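Below are two complexes that have chain A in common, paired first with chain B and then with chain C.
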Partner chain A sequence: MPQGKLCNRQPIKTDEQLKLTLSDKSGKQYYAEMKELDVDTNALWATIQKTMKSRIKTWLEICAHCGMCADSCFLYQVNDCVPEQVPSYKIQSTLGHIVKKKGQVDNEFMRHCMKVAWSQCTCCNRCGMYCPHGIDMGVMFSYLRGLLYSQGFVPWELKIGSGMHRVYRAQMDVTTEDWVETCEWMAEETEEEWPGLTIPVDKKDADIMYTCNAREPKHYPEDLAEAAVLFHVAGENWTVPSEGWEQTSLSMFAGDWECCKDNVNHVYDAIERLNPARVTGTECGHAHRATVIEGPYWAGREDGLPPKPYIHYVEWLAEALREGKLKIDPAKRIKEPVTLQDSCNYVRNQGLKDVTREILSYIVEPGYFVEMAPNKEHNYCCGGGGGFNGIGLYREQRNVALRKKMDQILDTGCKLVIAPCHNCWDAIRDLEEEYEIGIRWSFLKPLIIGMLDIPEGMRVEW
Partner chain B sequence: MYELLTGPIMWLVFAISFGGLLVRVVLYFKGLNQQLDRVAYKAHLSYGLKGAFNSIISWLNPVGARAWRKKPGFTLIFFAFHIGLLATPIFLAAHNIMLQENLGFGLPQLPAFLADLLSWTVIVACVAIILRRIALPEVRILTTAYDYLMLLITVAPFVTGLIARYQMGDYQFWLLAHIISGQIWLLCLPFTKLSHCVLFFCSRAQLGMDYGIKRGGLKGSTFSW
Partner chain C sequence: MFNKILLATTGSPASFGAARVAFDMAKRYDSEVTIFHVVGVPTKAFSHVVNDVRTGEEVEVDEEYLSWVEEELKTTFAKQFEGAANAKIVLTTGVPSREILREARKADSDLVVMAASSGENASFHKGYPGSTLQKVAKAARCPVLSVHRESASYWGGFSNILFGTDFSKQAESAFKFALSTARELDCDLTIFHALDISGKVLDQNEIEENLIIARKRIRETYVPLMGDFKNYDIEVWEGTPYVEIVKLAREKSVDLICLAHHTNELDPERARIGSTVEQVILRANCPVVSVSKPDKV
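Now for the complex of A and B:
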């Protein structure tokens, strides 16, 4: 069979196709069709020739096969150090093989590559830090994912995810109306407790434009309310765009680069339209990476920067605390051992290692913050990054992957983990569900709200 | 034969080897692509250069990168191998005498015992590298016949050189074997993965620029390798 009805080389572009694919429970038919899917080897090779330049070519060629990358990979560690989990092996035996064969590979091999690309690498980029030649295998796996996506070999959930972005311009089916209504609803509800609080939509020339993760309006609208409370208390002149508010990019996990470009341009259009002084996103790692770190390149921006300064939520929070816009009641600071999860996507990939610690210095009683080991740019992936959390087919492998974070957390002796990243937050929640080690986990927003020193009359106590 | 090998053929080998390596470097940098690599090399050149410098320096220093510090045994073997490999041919007295005769200048010369020590170091380190390749499953799975061939080509000039130097067997034969094996090694540099002798710097510089620009450098964050 050349191409399936659900599993094929075309991206999902219509709501109808999206619903059809969604209705295929757990992707049963989708994966069955994948077994029959032809590989367009000529197109594959043509894409490689066009997009594989000296950086990746050199990486594949000069790899010294020294194995230094082996134990930098948490998946190698948690899978009993089986040699098949050595990062260099994983990429050489997939992308390396495709290149060696000039794209002449078969269906079975492509399915093997899919398994390796989405269940044996989270694109955390840690191995790149341990390779003497500076070979970043996470970058190469992202590239491989793009090749696989273009041939239709992508996990079911991610095909749907990028389809959602194409159809709804959000990772979930949240329409513009849904979003604006959620903003109004949350403003109305929150205003009772915080008189004067608003969630201004499409306000031009504000100081801050706020963007978020579609899961927030869809499943945790209180997160949006919390963001509003903190902006309100800090006295910020802020707004959200009615269009271009969704900052995430499952298309990045899927390797659907065309869609990535569309996503980010949609956000940048909102910036151009509303002309805020700057933009801040929510407590999400991959959303920041997609929109702020990689996005400018997808959009073809020469300076590699978004149209306006675009900061991560932790940067705004640190600034608000530093400048006294938000004040913490010392009596309410955290007085129990607490640890911090460094998100790969904005710590290893944008160096934001100190601001999170600055925030903790304001909200944790001295002596109670315990670092994970290793930490900062050397920290391990939460275990669910790169789309791993969301792929049913690889749930078992994902659960094994969580063990590294579990061990790291257990070693700190802390029962509270601060995880300012949606993916990390989910992974840590799942690891507690799976292994029951008795921990709690939290974003920063609810913690900060709980310990604010609020001016008289600003909040109505019930 | 000796005259020919150390005369015109030597010059030809140098030209191909060094010329080829230069071409590799030029092609590498020409092949970098801001949009595909997702690094704004040109727009933030000074940040990029700072990152590149940090990346190279950290890895040339045996305690400069966390990866080196975590594996002191391998690091020792690795540095001993590379230092011997580079220092011996460049500073060997016999080589510099030839340089002096041909070009009228020479570099500082290694005392004989140090040259011997360095040569033996290369051979011992090479054996250790081979044993490591066989012993460790995570290295064994990566190792190919090509890796062993590269090691053989690299260590051959040292083995033949030492045999000639100790005058074991037929001196003329081993001397010629040394010269030829050295020339094979030189010729392999641009065409095999031994090209890492220059591409190491290119690749490290590239990742350093990535970190120096996009992945934190512009935020003022210094990356700790």
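Now for the complex of A and C:
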């Protein structure tokens, strides 16, 4: 069969197609169609020739098959150290094979590649740090995902996810009206307690423009209210854009390259339109990677930078605490053993390891912060990164993957885990649901609000 | 004043009391009642997979599942639906407290009616500290009526209202609501203050002096606002506030207790210890309405 009704090489571009695909419970029909989907081998090879640059070519060539990457991979560790989970094997037997065969591979092989690309690698990039040649299998798997997506071999949820971005310009069905309305609602709900608080939409020339994750307006709008409270208390001149507010990119997880570029350009357009001095996003790892670390290249920006300085939320928070814009009441600091989840996307990939620890130095009573082992750029993925959290087909594998984080947390003896990343937060929540180890987990915003030393009159107690 | 009632329910027996009151009010006062049910809390991706609020199980929400849930609710409340001309069911997914607030705002509801707890299963609370009721009561623009115990002294309609005050800003709104309800439904209104002496050993003269002061304060604060409304009396007792409120309500066969809600504490354990309104809801024999905002009073 050439192309299915739901599973095909076309991205989801209309609301109708989106709803149709979504109505296919668990992607049953979608995956059935996938079994019949033809591989356009010529197009596949043409794409490879056009897009596979010297870095990946070299990496595929120079891998010495030494196996040093094996132990670096948490998925190898939690899956009984089977050879099939060694990173170099995983990529050589998938992407390497496709390249060797000049794209002449069949349907069954493509489905095998899909399984490896989305359930045996979270693109956490840890292996790249341990390879003597610096080969980063995570980068290569991201590339492989792009090839698979272009041929229609992508997990159902991620096909829909990137479709959401294309149709709604957000990873969930949150329209511009919904978003602006949510900003008004949260301002309304918060202003009584915090007189003078506003959530300014589309204010030009502000000092800070704030972008977020569509899950927030959709399900947890109090996160936006909390961001507003902290900006308000810090006295920031800030704004949110009515368009281009969604910072995340499920299209990056899906390998929908065209959509990735569109997402990030949409955010950059908002920056150009509103001309803020700086931009900061929410406590999300992959959103930062998509917009700040990789985005400039997708958008073809020669300087490799976003149009304006674009910092992660933890950088803004650390700065506000350092400069005294936000003050912590020492009596309210955390006085229980607490640990920190380092997000791969902005710690390993951008080096923000000291920033989060600086924040903890203000909010945790000395002696109570317990590092996970290993930590910082050596930390393991939460277990749900790279889209793993959202894929029903690989739920079982994802639950096994959570075990590494569970062991790390248990070893700290902490009952409180700070997770300033949506994906990590979700994975740790699921971890608790699945394994019931008796922990609590939190973003930074609510914790900080609870321990602020607030200038008199700024908050009305009620 | 009760044109639009939002009955937020899990459909479990814990919410039957609330449902009885909501439907009774709707029939009596010709209100529109919306049975609002949050099917589940999203667990992954774009909200199609949720933890069912009743079973805690992971389910995929589709048309079929939604119509099954709707049928269940119709069967559960079959008796109440009889004669309720203006009743409809609205289903959604999300975090219950947030979705109740969203719906109340969207529909411009005059009153939210809900149970104090979700009953047997609370697995969906994980990661979302604070009970649904606390969060809704804190942020709702309209009064929130809650029923926890099967309301022994609630026979239908309201005729005897107890307003408990701590003289806070929110109590002004709660008073306005109590007064306008009493006026409109021709009820007796008791204005009550409990002098908090819990855990203290105080000189009796001091207690009595404070009782006199509180009584005077009630007269000065609330009586001028009542105009020609005369069906009221004033009570001031000393003790532990929630205990005294519950005792007085029982003694007077009160059928509605009206209190202000104002706790910043969303941690369920700490809030439960600290909040009078929570304690009253858990113990009272009649519906308790909590008011925190001046919008719908």
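We take it that the second predicted complex is superposed on the first by the 462 of 462 C-alpha atoms of A that agree within 3 Å, B and C clash if a C-alpha of one lies under 4 Å from a C-alpha of the other, contacts with A are read in each partner's own complex, and residues count from 1 in each chain.
Throughout what follows, contacts are C-beta pairs under 8 Å (C-beta built on N, C-alpha and C of every residue); 3 or more make two chains touch, one makes a residue touch a chain.
Keep in mind that this is a model prediction, so the values were computed, not measured.
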Looking at A:Lys53, would you say it contacts chain B, chain C, both, or neither? Reply first, second, both or neither.
first
First (chain B), second (chain C), both or neither: which does A:Glu84 touch?
first
Sites on chain B touched by chain A in the complex:
27-40, 42-44, 55, 59, 65-67, 71, 74, 78, 133, 136-144, 147, 193, 195-196, 199-200, 202-204, 206-208, 210-211, 213-225
Chain B-touching residues of chain A, taken from the complex the two chains share
51, 53-55, 57-59, 61-68, 70-72, 76, 81, 83-84, 86, 88-89, 92, 128-136, 293-294, 296-297, 300, 302-305, 348-354, 376-378
Residue ranges of chain A in contact with chain C within the complex:
22-23, 25-26, 157, 160-161, 164, 171-173, 185, 189, 192-193, 218-222, 389-392, 426, 429-430, 432-433, 441, 461-462
Residues of chain C touching chain A in their complex?
42-49, 60, 62-63, 94-95, 98, 101-102, 105, 123, 126-127, 139, 168-170, 262, 264, 292-293
